[in-house]
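Given below, in the form of structure tokens, are the structures.
Each of the two complexes below includes chain A, the first together with chain B, the second together with chain C.
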Partner chain A sequence: MKPFLATGVIALTTALSCGQVFANKSDDTLHTAFSKELESVDFYFQSAREGTIFARQVWDGLVYRDQTTGDYVGNLASSWKWVDETTLEFKLREGVKFHNGEEFDADDVVFTVNYVVNPDNHVTVPGNVNWMKGAEKVDKYTVRITTNGPFPAALEYLSGLVAIYPNDYYAEVGPSGMALKPVGTGPYRVESVEPGKHFVLKKFDGYYGGPKGQPSIGTIDIRTIPDINTQLAELFSGGIDMIWNVPADQAEQLAAMDQFTVANESTMRIGYITMDAAGRGGEGPFAKKEVRQAIGYAIDRQAIVENLLKGSSKVVNSACFPSQFGCEQDVETYSYDPAKAKALLAEAGYPDGLTVDFYAYRNRPYAEAMMAYLADVGIKANLNYLKYSALRDMQKKGSAGFGFLTWGSNSINDVSAITSQFFKFGDQDFARDEEVKTWLDTGDKSVDDKVRKENYSKALKKIAEEAYWIPLFSYNSNYVFSKDVAFTPTPDEIVRFFDMSWK
Partner chain B sequence: MANAPALTAETIVAISPGAMLRRRIFGHYGLLFGLSVLALVVAAAVFAPLLADHNPYTQDLFARMKPPFWMAGWDPDHLLGTDQLGRDYLARLLYGARISLLIGIVTALISGMIGTALGVAAGYFGGKVDLVVTFLINVRLAMPVVLVALAIVALFGGSLQIVILVLGFLLWDRFAVVMRSSVMQIRGLEYVNAARAIGCSTTRIVLSEIMPNVVNNLIVVMTLEMAHAILLEAALSFLGLGVQPPTPSWGLMISEGKEMMLFQPWLITIPGVALFLLVLAINLLGDGLRDVTAPEAKG
Partner chain C sequence: MLAFALKRLGLAVLVTFTVSVISFSLLHLSGDPAAAIAGENATAADIAAINRQFGFDRPLTVQYTDWLWKALHGDFGESYYFKMPVADLISDRLSITMLLGVCSISFALLTAVPLGVAAAVRPNSLIDRTALFLSVAGQAMPSFWFGLIMIVVFSIKFRLLPPSGSETWRHFIMPTVVLGYYAMPAIMRLTRAGMLEVLNADYIRTARAKGAGAGRVLFKHALRNAIVPVVSLSAVQMGFMLGGSIVVEAIFALHGAGYLAWESISRHDLPTVQALILIFSCFYILFTLLSDLANAWLDPRIRVG
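Take a look at the complex of A and B:
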């Protein structure tokens, strides 16, 4: 009954906006939507997930991580080797052409790398590229990339965060030109760009194949539709064929309607509670280990996962996503035990409970659920719900030390992308533990996998033991698409249009 | 009456003022409707703990989004269903009425005091005082209420107290304008001059000669501003800048239900209808009061 009612409502609301002719399988066009307005489609001058998705279709990196095996395979590079601890030498694939006909060779790699590492060019997320010192050409199809000190996660970063640009074209048009008329080597070429609004991609006939394979669907039409309810309405009316990041409750209802394919896949994003153990915002209750542990025992993470996140989300106990390299799983866990939480609070000198400010920036229902659990053990949490940028600014200054935050690791499958980001005395480090920092530094700098694992393990064990963070759960994403579309989502939250086909 | 010469003496029966008032009240359906709905909401707010057999803060993640009684699959334990955290919707609605009424009444009192003081001073003294007050009113009118409220709440964080204070200090303009002009009309009348001539103090003149004659206007403005404040609170809470969760507020309930709009529409219709009825009732009450106390102004 409900789904029909919903369909009726939607049909009504969208009837007016259906003036345009929708196409799909019949004319080989897949319509989809971005939730966020992209600042720029130039990959290096934006920081949104949508920008990464766009970049994967249009550009290639030197290497590519196979999603099923997890191995790195050559993309624009055909082979590579470590010359020494800080030098990677790549042999490049020959005969690759950019969308504008320019030939791909070592000059393009050298230009791109040296352009993005130059601080004067102000790329949006310097951390993605500033581990590289620069690149130099050896011959037409050989190039060397040097790093600033040993950087074991180099291949992971190269596979996800370094898109190779055409040197002649980029030197001529710069980021502003690239944002309007992007040119790459990827499986799709860009037909048109209306900045922040509408992007049309066409299959690139001269694509060389490689690990991404030849694209199957002819045209990808992407519009920016920020509101999930509008996206759903468009989906019902046939205006779009696929959406993702659909909230769990809606996805459940959609699956029950059996009109669309609903696929669920975990993501690398995890939620966590951070606490001001170091007392950066003045001496507070969280300086006491018992209070921090009590928070862990007070919250029924399993119930939140089962009822709110659903799908393939799991409770997380270590301060990283389980599949990440070095993510030690054998750590102290805090299972739901309100009596123990109360006892710990009493032991810490708060037998009557306490009142604290609690900060959050997304998933307000999750935050509210946690607050209700905290209230049950006597912790009155006042919610401060802010924008992420505002919250981060407060944390820079040492305030907002108690909050529910999340981190997606930029889909980098390595502990250095999360634990090392937060426990090495950065802006958002409220633990300030010298020992943890030393272990993480050793892990980050070593190229020996055994040494890395060992040190990360020590750091993660201490983080759990001291309860600096209460890791909560991993997120999942629901992909809803037309039954005509064949698509398998991947855990890195990147939608690969080139992997999709019509049934 | 003067236009009805055909009337005979028998039909003109002297009616006592009390009976006249009663007749006006009971003949005014808008007033009656407003009064009864408001009385109902007040009763709901006051007796919320007795009417709701659930705590509005108690969540049950295993009983989320149960439908209300008119839909299939409803739970007799939750008449209006539950929200996305499994909290009883009826309890939240009843306790939410407290928040709405509290905000409406306290805001109207604060702004009423500020606005009346300024308006009466301007109207009674005139001259320079009037100039200053008129300037203040203009300044206030030039500020978009919602934007200023948003900015202040964003700066100091949202809470019940802040919302009440911000709205109280922003919504006094109508009081000031109305009071100023009504006092101006009265201050030159004979009985005011007489009071002045026999040497009454300014305080006495204002309180016992002027105020009783403008109080009906004050009440009308107060009801309007109450409704205005309740709507603004809902709007601010909807935007996440008003009352903070888990406090039950109708605006917040609408905001939290927004995401579920397509599949669980009752999550926004229930608090939405409640808000609509309350604001309508207060406005009708205000209109009715004006008609009853000053029938000559009925337009």
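Take a look at the complex of A and C:
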């Protein structure tokens, strides 16, 4: 319904529009929209992409990942070193102030870390922080963070998932106060919050700079507009200057109109087909390797990418996003070969094909395309299109073992953010391969990059060779914005308002 | 009369209770609430932690009675999603939906009743045909489509009205028209049919015969009788508008209670959903009661019966 409608809206506006755009460059305010009602702006008490975007403007982490080089640079920390396998020591930047004037020092780091790792405080996504055991102060500008066992991805997690809060203020107001009046050290301070509806950010004049640099645009005004068509209407009427996650077809039309800048960037989300190789839902056809491989050969992933996902999406062969640390690319690939798929099925004892239940929760057209390809080789897939929570619930119980799902890795650029979820005997692991698990454990626990790479490589090669998963493609996002705005999107799907400027 | 009212009230309470039990069970059956709260990137450990935190690992009956006990004491709990008291959350959203509902039903009545009367007075005339066309169009046109067309015309082409938001009265014009237009056809057809029937009744002929003015016959004698079913229908429509303005609220980014209910269901935000169901049920009951009272005032026979 929606893509069709949006196409209509664009067609109509093209017909009616006078081609005039009222941008908000004159009052130095960038108007934009969130699609989702953000549950809380307190970073630790929400799980939405919008929350991460908001947090990145308002708070800083200890380190920052440079988007062009991929290196970690100091943000609130000026330097760091591993004292031993489980202790990281940070020297902190001096002279940094929070938006409320509170001075930043080791107490803030200690308080924030110890607050979020405490299970009694119930942060929404414990996995983001519970790799840390706690933090202790060495002196005013030195702090040590200890981990629960060796955790090589610590810097990656610190750069994206650990925002430092002001200790005095947070102790006083708690999560509910922070959700209404957030205070951080970031490039933007929060002018107003109407929960779930409207957020106004103002350039923080006292910002220390750091790797994020000084913000350029004075005010960021974010409203929640759930409907993409309404977002487009606001864009056309000049009510907002920028939207993202615009569906591929509409983005193409908008690009053709030349009224806005349309930018496309890959995201770290990948789609995959999972199969019940371990027989968690009872002995089924997917216990046979030939059947799993046949699925891989049956689907023309390149065609799906070219015709449906478009943009900078790519076919993915390894069970991870290519830029992630340890994501081995030299693995068995399954290119489109329906004849081979049929032969493999016959070999597995299904010369006349088979009928299976197929589960999916998003991108129904993609799922339907896959079903058509499967039908071509004699696999009749009955689509069960569920809500994500219902699908996860079924997988927890061992059913829904054959389906098309996706994973965004929380934008963590380390392979452990995906393999841990799917191949270490968790709810969503339908492979249950001891050997793979052992390699992954070794990789996850070593702080030696070489050891990690070696072990992840072995695990990913076996996953591909055994066809436990058929990795499908990476997703992409379309950003559409006023020609007055200078902006370059990044693969981590985080819109950095502080990197934007007026042209 | 008192016994009758009490019986009706008791029935209403039972209905509300049943609805809340059903909605509670359905929400738990339709997926793991912890998985919904944790979001798409949650690991199994995250989900288990949420299960413990919110007590989803307890038996359903225990969870329900726990909620009911607190709700009866006026404590609707805290929204799982927004982590703020449900009462605060709903009062903020409900005012928008109420305003929109009142404006829309007024718009619908103010257009539908005169049109319906006019159409009945001159059947098969141009005005009757126009009314019929408007009614068919209103019935056939999905409100999301009509809403978008309004936006394209009034916000983009002529730049007269803001496409979304709820800051000023101007933001409410298009949503009112869209939602009101949805309720209009039924009211108008009912008015027309009622008026046609009444205008052919003997007492109208008598009224005319004794020399009553045309206006007096139409409004004092005829409309008063024809409007009785319309009042009942409007009460139902008003209830519908409070709970069912989801599409309109979503399109115009109004952030009202209807949209909140819809979103809360997909987020498995049980305290919010339960509280909203309770409130919507109460409104339905209230509106039905009000329409009964209004009808009793309009038609003495109902008062006696």
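Following the convention adopted for this analysis, the second predicted complex is superposed on the first by the 480 of 503 C-alpha atoms of A that agree within 3 Å, B and C clash if a C-alpha of one lies under 4 Å from a C-alpha of the other, contacts with A are read in each partner's own complex, and residues count from 1 in each chain.
One rule holds for everything that comes next: contacts are C-beta pairs under 8 Å (C-beta built on N, C-alpha and C of every residue); 3 or more make two chains touch, one makes a residue touch a chain.
Everything numeric in this text was worked out from a predicted model, so none of it was measured.
Of the two partner chains placed by superposition, only chain C is touched by A:E37; chain B is not. Once chain A of one complex is fitted onto chain A of the other, the partner contacts of A:S47 are limited to chain C, with no touch recorded for chain B. Residue contacts after overlaying the shared chain place A:N229 against chain B and chain C alike.
More residues of chain A are touched by C (comparison of chain B with chain C). In the superposed model, A:Y388 lies in contact with chain C only, and not with chain B. Looking at the shared chain after the overlay, A:K197 reaches chain C, while chain B stays out of its contact range. By the touch criterion defined above, A:K140 lies against neither chain B nor chain C after alignment on the C-alpha atoms of chain A. In the superposed model, A:P175 lies in contact with chain C only, and not with chain B.
In the overlay built on the shared chain, the residue A:M371 is in contact with chain B alone; chain C does not reach it. Contacts of A:K396 after superposition: chain C is touched, whereas chain B is not reached.
Applying the stated touch rule to the two superposed structures, the overlap between the chain B and chain C interfaces on chain A comprises residues 5, 9, 229, 233.
Chain A contributes residues 1-3, 5-6, 9-10, 228-229, 232-233, 247, 249-250, 253, 300, 303-304, 306-308, 364-365, 367-369, 371-372, 375, 382-385 to its touches with chain B in the complex.
On the side of chain B, the complex with chain A involves touching residues 57-59, 61-62, 64-65, 72, 84-86, 157, 159, 240, 244-246, 256, 258-265.
If you check the complex, the residues on chain C that touch chain A are 30-33, 35-47, 49-50, 53, 81-84, 89, 144-145, 148-149, 151-153, 155-157, 159, 162-165, 250-253, 255, 259, 263, 266, 268. Chain A meets chain C in the complex at residues 5, 8-9, 12-13, 16-18, 37, 39-40, 45, 47-48, 119, 122, 124-127, 130, 175-176, 179, 195-197, 223-227, 229-230, 233-234, 236-237, 239, 386-393, 396, 407-410, 420-421, 426-428.
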